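The following pair of complexes shares a single chain, chain A, combined with chain B in the former and chain C in the latter.
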Partner chain A sequence: MVERVLRAPAQYWMLIMMWVRSSMAYPASFVLMLCSSMVLTVMDFVAIVLMFSHISSFGGFSLAEMALLYATASMTLGIADLFTGSIERVGERVRTGAFDAYLIRPVPAFVQAAADGFALRRIGRPLQAGIVLVFALNRLDVDWTVARGIMLLVSMIAGSVIFAAIFVLGAAFQFVSVDSAELANSFTYGGQAMTQYPLVVFGQQIVRAVTFVVPIAFVNYYPVLYVLGKPAPLGLPSWIGLLSPLVAAVMVALASLAWRAGLRRYRSTGS
Partner chain B sequence: MGVYWAIAVRSFRRFSTYRIATASGAFTNSVFGFIMCGIYLTLWHERPGLGGYDAADALTFVWLQQGLLMPVGIWGATTTGELGERVRSGEIAVDLYRPTHLLLWWLSVDLGRALFQLLVRGGIPLLVGALVFDLKFPSGLLAWLAVAVGVFLAILVSFGIRYLVALSGFWITDTRGMEQLALVLSTFFSGMILPLVVFPGWIGGFARATPWAATMQVPIDIWLGRNPGGTGSALLFQLGWVAVLLLGAQVVTSVATRKVVIQGG
Partner chain C sequence: MPVIELADVSRAFTVTSRTGFRRTRREVRAVDGMTFSVEPGEVMGYIGPNGAGKSTTIKMLTGILVPSGGSIRVAGVDPSRHRLKLAKRIGVVFGQRTTLWWDLPLKDSFAVLQKMYDVPLARHRSNLATFVELLDLQDLLDVPVRQLSLGQRMRGDIAAALLHDPEIVYLDEPTIGLDVISKARLREFLAQVNAERRTTIILTTHDLDDIEALCTRVMVIDHGHQIFDGTLDGLKSSQSAPRTLVVDLAASLPPIEVTGATVVKVDGPRQHLTFPTSASAAPLLAQIAANYPLVDLSVSEPTIESVITQLYNSA
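And then the complex of A and B:
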């Protein structure tokens, strides 16, 4: 078991490099797809900039602060989507019976499902988020300390892990209901759409839901509040943002249990 | 005529078989509806009357936007996606020796799909939105009729664009770039990322003149009764783009089919 887990990263790397090589076979096409992926995913930030042609603050956030929220939300989802996004196609594989192939190869089914069809062009989303992040950090008036810098970096890793766990949970649910791929989108892309904005604008109930039920508030909102020195909502302590790695660990545990349960439930198609 | 009706009916039935996928799609539309409502309420709270909309207009915009997204095919639709695939793979040859008109065949397929998605993917989010928020509805038979015509024309405009993109495969081998470009333009200029009334200055004016405006912003303005030049001019604007696009589609069809070479024997 331990040996299997230790071998998994190398196996994953091998599989994704294969897909990278295949996408690099047509470099011009790849560059075009990468650019269009960046343009498409930056649209939400364009919407925010257009809004700020009429307003100067959104829910108490300035444009630079909104840019930081947007960048962290888009970056974390982008990284999660890059590394585990392919797993949402698992329902399709269950329906066609192609999932069988995963089970007979000497690599864990999870690694194969996550690496299958790895699309390097998806790096467009984190790339544009990185550009917005540089813009935000330049414009922000924050008293930077080493602790705050490390905290922002760690929270982005933890946030990516939380989104990745949600991708896996959505995929695990497809073992139960093969056609429900879009359901997970509510939580991943919907979550990203929400976390681009100060969550308090959605009301107290929603803040509670995204703190205690689907904890996407820990992806970037609480850490960003901490970095900007803004108070947390619901009377929560201001250091709550520091808990995001812990939340990420819990989500990984849940996702792993769900995936195993789904895998046990899998029955191949047949006539 | 009968054959095209039959195609549309079968296309409607085909899409109605994906029940769980449809339900989870409608759920996702509703979740995004709530998210957008939170954003727009804040925006219109900061700037009341922005773009000539009041808060109720903005909320209604959200639910109509979510409801029209799939039926109109702002991000493309299965039907025209399949057409593009058939052009790429050469299966289009089968379509060409059917004793039907290529454009009308695929238009019928698309209309059947659109009607089903309008009822379910359009109806469910609108119902959810109307239960939670105080939305605006057209008043009077004439207003409803205008909305129906506006939505129908929006689907025709969107079909025209998608059909041309799919047929570009006759000239370009890798149409993915074209599809991505169409996706970017449609997302930006249809009012999907933000109502076009909020776009400032000349960008706003330009966006409102594009065919993409006719696919989402204009039918929603007809519903709200907020089109700057009145409902009549909104319908004429849509009709103009329908004429241009479908005429263009017809010309492209006849040119494209003349250059088809079928391999094999």
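And then the complex of A and C:
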């Protein structure tokens, strides 16, 4: 078991490199896809900039603060999507029976499913988020201590892990209901569309839901509030933003249990 | 020392059917009380009608499916518990779908498999060279798998399943949908692999020519039960399927009358008669020659299809 986990990153790397090499066989097409993916995501942020030509503050956030919120939301989702987004195709493979092909290989099915069809062009979103992040950091009036910097970095990793765990949970659910990919997407892509705004604008019920039910508020909202020294909503302590690695760990545990349960179900029903 | 051992293996599925608002759950035993063992180097044909439990057995032998009862040992391990470890020692081909990477050229699939299975590079190269030559894959290496024809893809899949020198290969309907020439070439290749590498081969098929050409042993299953296990000749003689006598007469006649044989078909001057396997053809011929204008004749043994049909019906 331990050996299996230790070997997984190298096996994952080997599989995604195969897909990278194959996409590089058509470099022009790759560059075109990458650019179009970047342009598409840039439009998201352009909308926010345009909005700020009419208002100076949104949900208590200035443009630079919004940029930080946007960049962290987009970066975390982009990274999760890049590395685990392909796993949503599991349902289709289960339906066609192609999932069996994963189970006859000496590499864990999870590694194969996550790496399957790895698309480097999806790096467009994190790249674009990086540009917005630089813009935000330049414009923000924050006293950047080493601790704050590390905290922001760690919370972005934790946020990516939370999104990745949701992708995996959604995939695991497809072992039970093969057409449920859209449900997970509403929490990942849909979640990102929400968390790029200050969550208080959606009302208290939504804030409660994304804190206690599907904890995507921990992806970037609470950590950013902490970095910017803003109070947390719902009367929560401001240090709640420091909890995102913990939330990520819990989500990984849940996703791992769900995946194993799904796989066990598949192997005992064959469908 | 058997390489595959099954003891009282069964696999049940729950089938839910819905009529109106009522839901009924029913347990179906796809495989029921299967016990057999396979020695290294055997080529075993595993046959049975659709839904007999062939694929279910193969899936349990590879570790994909967990059996609901009994015990299985393949290459010394329990497949469902040591699936990843066993994977390096077995090769699997699903005739109905590929295990290769759909969008990648064949040669990339092979390269990935070398890494996945940790095949030493020198060994990989020599195996690949051998299979490319024997299966005539040279011109296909740069073609994405999705663009290959069924026969080409099957050759690619079979090479892929053998690259890591597996001790056991499971082939689930490997000749399905192939033309006659492709089938013959594939059989020849598999026979060669078995002879040279002593690879144990388990083959499920609906094409009984596959069995005739390759298998030293046949197992017939129906409704999850073994109904025959033995050699092909043993299978033929186990059933009293009739032999056929075809006679050409000088003219079209009504069905001829011969004691010990019955006419089953009249085709102009040609008449088809059947008689029991245990009987001799000589007295029949004497009778016909004495009473009718006999021009030509031939005797044919029961076809394996008719033997198996009879077996299914009697089971």
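In the analysis below, the second predicted complex is superposed on the first by the 266 of 271 C-alpha atoms of A that agree within 3 Å, B and C clash if a C-alpha of one lies under 4 Å from a C-alpha of the other, contacts with A are read in each partner's own complex, and residues count from 1 in each chain.
Here is the rule we use: contacts are C-beta pairs under 8 Å (C-beta built on N, C-alpha and C of every residue); 3 or more make two chains touch, one makes a residue touch a chain.
Small disclaimer: the values here were computed from a predicted structure and weren't measured.
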- Side-by-side fit of chain B and chain C on chain A, or clash: fit
- Message: To the nearest 10 degrees, give me the chain B-chain A-chain C angle using C-alpha centres.
- Response: 80
- Task: Scan A:I55 for contacts with chain B and chain C and give back first, second, both or neither.
- Result: first
- Message: Which partner chains sit in contact with A:T269 here, chain B, chain C, both or neither? Use first/second/both/neither.
- Response: second
- Message: Applying the document's definition of touch, where does A:Q11 land relative to chain B and chain C: first, second, both, or neither?
- Response: second
- Query: For A:R105, is the partner it touches chain B (first), chain C (second), both, or none of the two (neither)?
  - Reply: second
- Which holds for A:S22: it touches chain B only (first), chain C only (second), both, or neither? second
- Task: State whether A:P231 touches chain B only (first), chain C only (second), both chains, or neither.
- Result: neither
- Message: With both complexes superposed on chain A, which partner does A:M43 reach: first (chain B), second (chain C), both or neither?
- Response: first
- Note on the structure: chain A contact check, chain B vs chain C, more residues touched by chain B
- Looking at the superposed set of three chains, what is the minimum CA distance between chain B and chain C in Å? 10
- Footprint intersection on chain A (chain B / chain C) at none
- Item | Residues on chain B engaged by chain A in the complex (per definition of touch) | 18-21, 24-25, 27-28, 31-32, 34-35, 38-39, 41-43, 46-47, 50, 174, 176-177, 180-181, 183-184, 187-188, 193-194, 198-200
- Taking the complex as given, what residues does chain C use to touch chain A? 13-14, 56, 59, 62-66, 68, 80, 83-85, 87-88, 90, 92, 94, 96-99, 101, 103-105, 108, 111-112, 115-117
- Touching residues on chain A, where the partner in the complex is chain B: 26, 29, 32-33, 36-37, 39-40, 43-44, 46-47, 50-51, 53-55, 57-59, 177-183, 185-186, 190, 193-194, 197, 201-203, 206
- Message: Under the definition above, what is the set of chain A residues touching chain C in their complex?
- Response: 4, 11, 14-15, 18, 21-22, 96-98, 100-101, 103-108, 117, 267-270
